[in-house]
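Across the two complexes that follow, chain A remains constant while its partner is chain B and subsequently chain C.
Right after this comes the complex of A and B.
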């Protein structure tokens, strides 16, 4: 803010902490209330409390269980997302630019789209077992549709004048594609990626929970499976809450990372 | 014109009974944008097109650019029918068509980097050319800005610089100076004539089609002014402008300048009044 000529009152130096305070006041109040409520319960209760959850978080982190599960889950999300990115980008570009491809594929896409990722889980487990391939396919499936639809939409809405202008400058078709159509559609591609990553993360947790149930607490791994074990075997409510919070924080970080990438990549336009 | 008579057989551009009708995709509604356009433009000629809004000026420009095909009639360049767009005919669009993700410099250099105009030029030559045209349109200091950070007049100058940097043989310009302030406009009119080749022998000049709403601008720039009318769009009259070249500030004081301006105005007055009801 040091170089802004006329700082507006709401973002002045003093009021920055104030906005942060406003953002954390309510969660803090709820935490305190929760802790007070838990302290009023009998000593041998299973009910989670903020203090116990924090202790659980430290224990799981130091033991290495939580980091390992997190790495497994994130690895699957990234891999599944990349599969969806390749498929969604190429199909979305083709469907957005080529009429007959769109006419041919739209009915199939539209009939699969309403089927929730969890609904293909039974088939995924039957064909791919309870390991990583099944989880990957669910993640890729979940990430595919937001990508496909946004890329298709973005590419078909590129201002035709921009393409015509390139043609009057003798720009060859492939180069027009990479230097006009793709950058013009970039905001939609990034938006699609962000939404896809969000649903991929949601899907992986659910998939690991379900795959974990089927594997009977076996070695499928990941945060979701960890939650299942806490639920079905050790009945560790504090551990479940730790996992929930970690899942939420990771989702938030993913979203922030993609928004940051959008700001950098979508040059020359107001970031959405 | 006797020296040109040998070339008269094949003019640079020739319109023969050109008509363009648009058919709305869903409703099937037909709009006859222009009809019965016949015109020959010699190589090295500067032709201005004036006429009320909606008379088909941009339509004709798109046909020459090869971005659209006539419904009937033919347009030939150097005797051959126009088959599609090409970098030999540079276009400056009425709404600029700048690339919003590129800076001013990158927009101006877009054709040099990605199209045929840059072929055979080294990196240094391209950069020098971009810098030259940045300065010509007075955008020094704004090279690294993006189009959304520019005023309308600045965007227009970027589009003009991009057209000129590509160095096309035929210049197609759709109201290229319309958004500029009066002073910049006068300066760029003179610059444009210089780039077109006003001081060069006729054979070395480019061929220019320049659409404008400004009658004085048309008379100042043109070898001939094409006056169009509406309902449907067609050529009303073609006026030769025999003012001496190079044209400069003094040209506007020439009594013939005033007479020609008056003549063009009288030709479009009725249409213009009709257009505003």
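Right after this comes the complex of A and C.
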């Protein structure tokens, strides 16, 4: 911004290719440098290179390993998220609307919030073993707090006049809830969902990775587990990089999907 | 859940009467006021949690899965008195501090550059946006290869996690500086370095501090994962160590310690935020 005195390099039609060129210049340069660096190494090196990563991606996709692991991880995230959504919505509504519930539960919520999901994992393993239920509980725990706090915040900020107006007009409580409170709290619910889904996706990778690392591996599946197998057994760094890129792309898609939903569902309300 | 309950308490809270509220008013006013105050409510909640926990542990009757509260507090006193807890907590917070310092040293100058130069932003931002969705956790296997199990791995992971919120908030802060301020300073012949230091820096500071708190929160969540998998010491390692030994009371003790240290650090940062940028609304962070 302060650099406003610098002349803009081009105007008109040429500016569009230029922005695209600028956007891909540095990533392209880094990729080429990485490839050249890898080509300079001895032929039997384990170091990853862009070409080998691409080949690995094609191989893992065609073999069905990658899609399967991805489906498993995403399935766990969705299931864990839904558990958190049910708990977060109901508790968040209660805490947002009822004083004594909020006063009673807030200290407990606040004392659990700084405990990272991964710290709960050893306990989850003790109770549930190293399979899907333990992973699910970690995901649900990670997704619960952003949901709860945002729902509570959204609900407690609903204009009391709206609720009173609805009651004055004889609207039954359930209808007040579905037609007044929920729509008004919707932006917060969606924001909480997006943040929750982001933490859930991070948590599932961590949980699968740690279960693989500490429980001997091979039992729980998922993309985090796949990364651990590449690390500990087949020593396939290209496979690890493939998984990292896939994890990033999924995170991006989740984020974009929720942002899109926010735009569509909230835009109509902002305009009025 | 009783939806009418919402209405009832909403109204009771705003002073209106109904049958249930009238009934409860028969309890002595002062006692009710005392029981309803927030610290008392907090104590009451913790007593309930402890009671439920104790009950569940008796019902579960498996001290390896769910130890009773006294066993956990004994374990907490045990690890606290022989210095082991303090040592692990110091190791973890030391790593945290180191990685936050590295992240600030890298992200804040880069953020100033990207915030002030459109061209730098256009070139560098795509790389940032490519790396950002890859969570720090996903770097752990590759980092294990590069750095091995040790001090470097958690510091690397936490620096990576802390880098992005700091960078993005610095860019946003620098970009949010009013152009008129900068132009006024330019008109008066203030040097470029002085503009950065005296005009842009103070104006961007609130946003940077918010970025720092987000960076801390992310790094604190990542440290447990990083230490659990790839470090020979620290709070995260201790949890996993005692899980393998099936010494559950000590796992619980360390989980409490993680929560406590995280809470204290967050409070310290909030204090820092108030001191550094007292003019901003602290609820923003």
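Quick notes on this structure:
FYI, the second predicted complex is superposed on the first by the 242 of 272 C-alpha atoms of A that agree within 3 Å, B and C clash if a C-alpha of one lies under 4 Å from a C-alpha of the other, contacts with A are read in each partner's own complex, and residues count from 1 in each chain.
Just so we're on the same page, contacts are C-beta pairs under 8 Å (C-beta built on N, C-alpha and C of every residue); 3 or more make two chains touch, one makes a residue touch a chain.
Just so you know, these numbers come straight off a predicted model, no measurement behind them.
Three-chain overlay on chain A, with chain B and chain C fitting side by side and no clash. In the superposed pair of complexes, A:103 makes contact with chain C only, with no contact to chain B.
In the superposition on chain A, contact is made by A:167 with both chain B and chain C.
Contact with chain C, but none with chain B, is seen for A:230 once the two complexes are overlaid on the shared chain. Set against each other, chain B and chain C differ in how many residues of chain A they touch, and the higher count belongs to C. In the superposition on chain A, contact is made by A:186 with chain B only, not with chain C. Shared-chain residue A:118: touches chain C; no touch with chain B. When the shared chain is aligned, no partner comes close enough to touch A:53: not chain B, not chain C.
Look at A:139: by the touch rule set out above, it reaches neither chain B nor chain C. Measuring only between alpha carbons, the smallest separation of chain B from chain C in this overlay is 8 Å. Taken together, the two complexes place residues 167 of chain A in contact with chain B and also with chain C. If you check the complex, the residues on chain A that touch chain B are 159, 161-162, 164-171, 175, 179-180, 183-184, 186, 266-270.
Considering their complex, residues 1, 3-7, 9-10, 13-14, 36, 38, 41-42, 44-46, 48-49, 64-66, 115-119, 122-127, 130-131, 133-135, 137-142, 144-145, 174-175, 177, 179, 182, 195, 200, 220-225, 228-229, 236, 239-240, 242-244, 246, 248, 251-252, 254-255, 258-263, 266 of chain C touch chain A. Taken together, the chain B residues at the contact with chain A in this complex read 65-67, 84-87, 89-91, 93, 95, 97, 99-103, 110-111, 114-117, 146-148, 166.
Of all residues in chain A, those touching chain C in their complex are 1-4, 6, 9, 19, 22-27, 30, 90, 93-94, 97-100, 103-108, 110-112, 114-123, 125-127, 160, 163, 167, 173-174, 177, 201-202, 205-206, 209-210, 213-214, 224, 227-228, 230-231, 237, 240-241, 243-245, 247-249, 251-252, 255.
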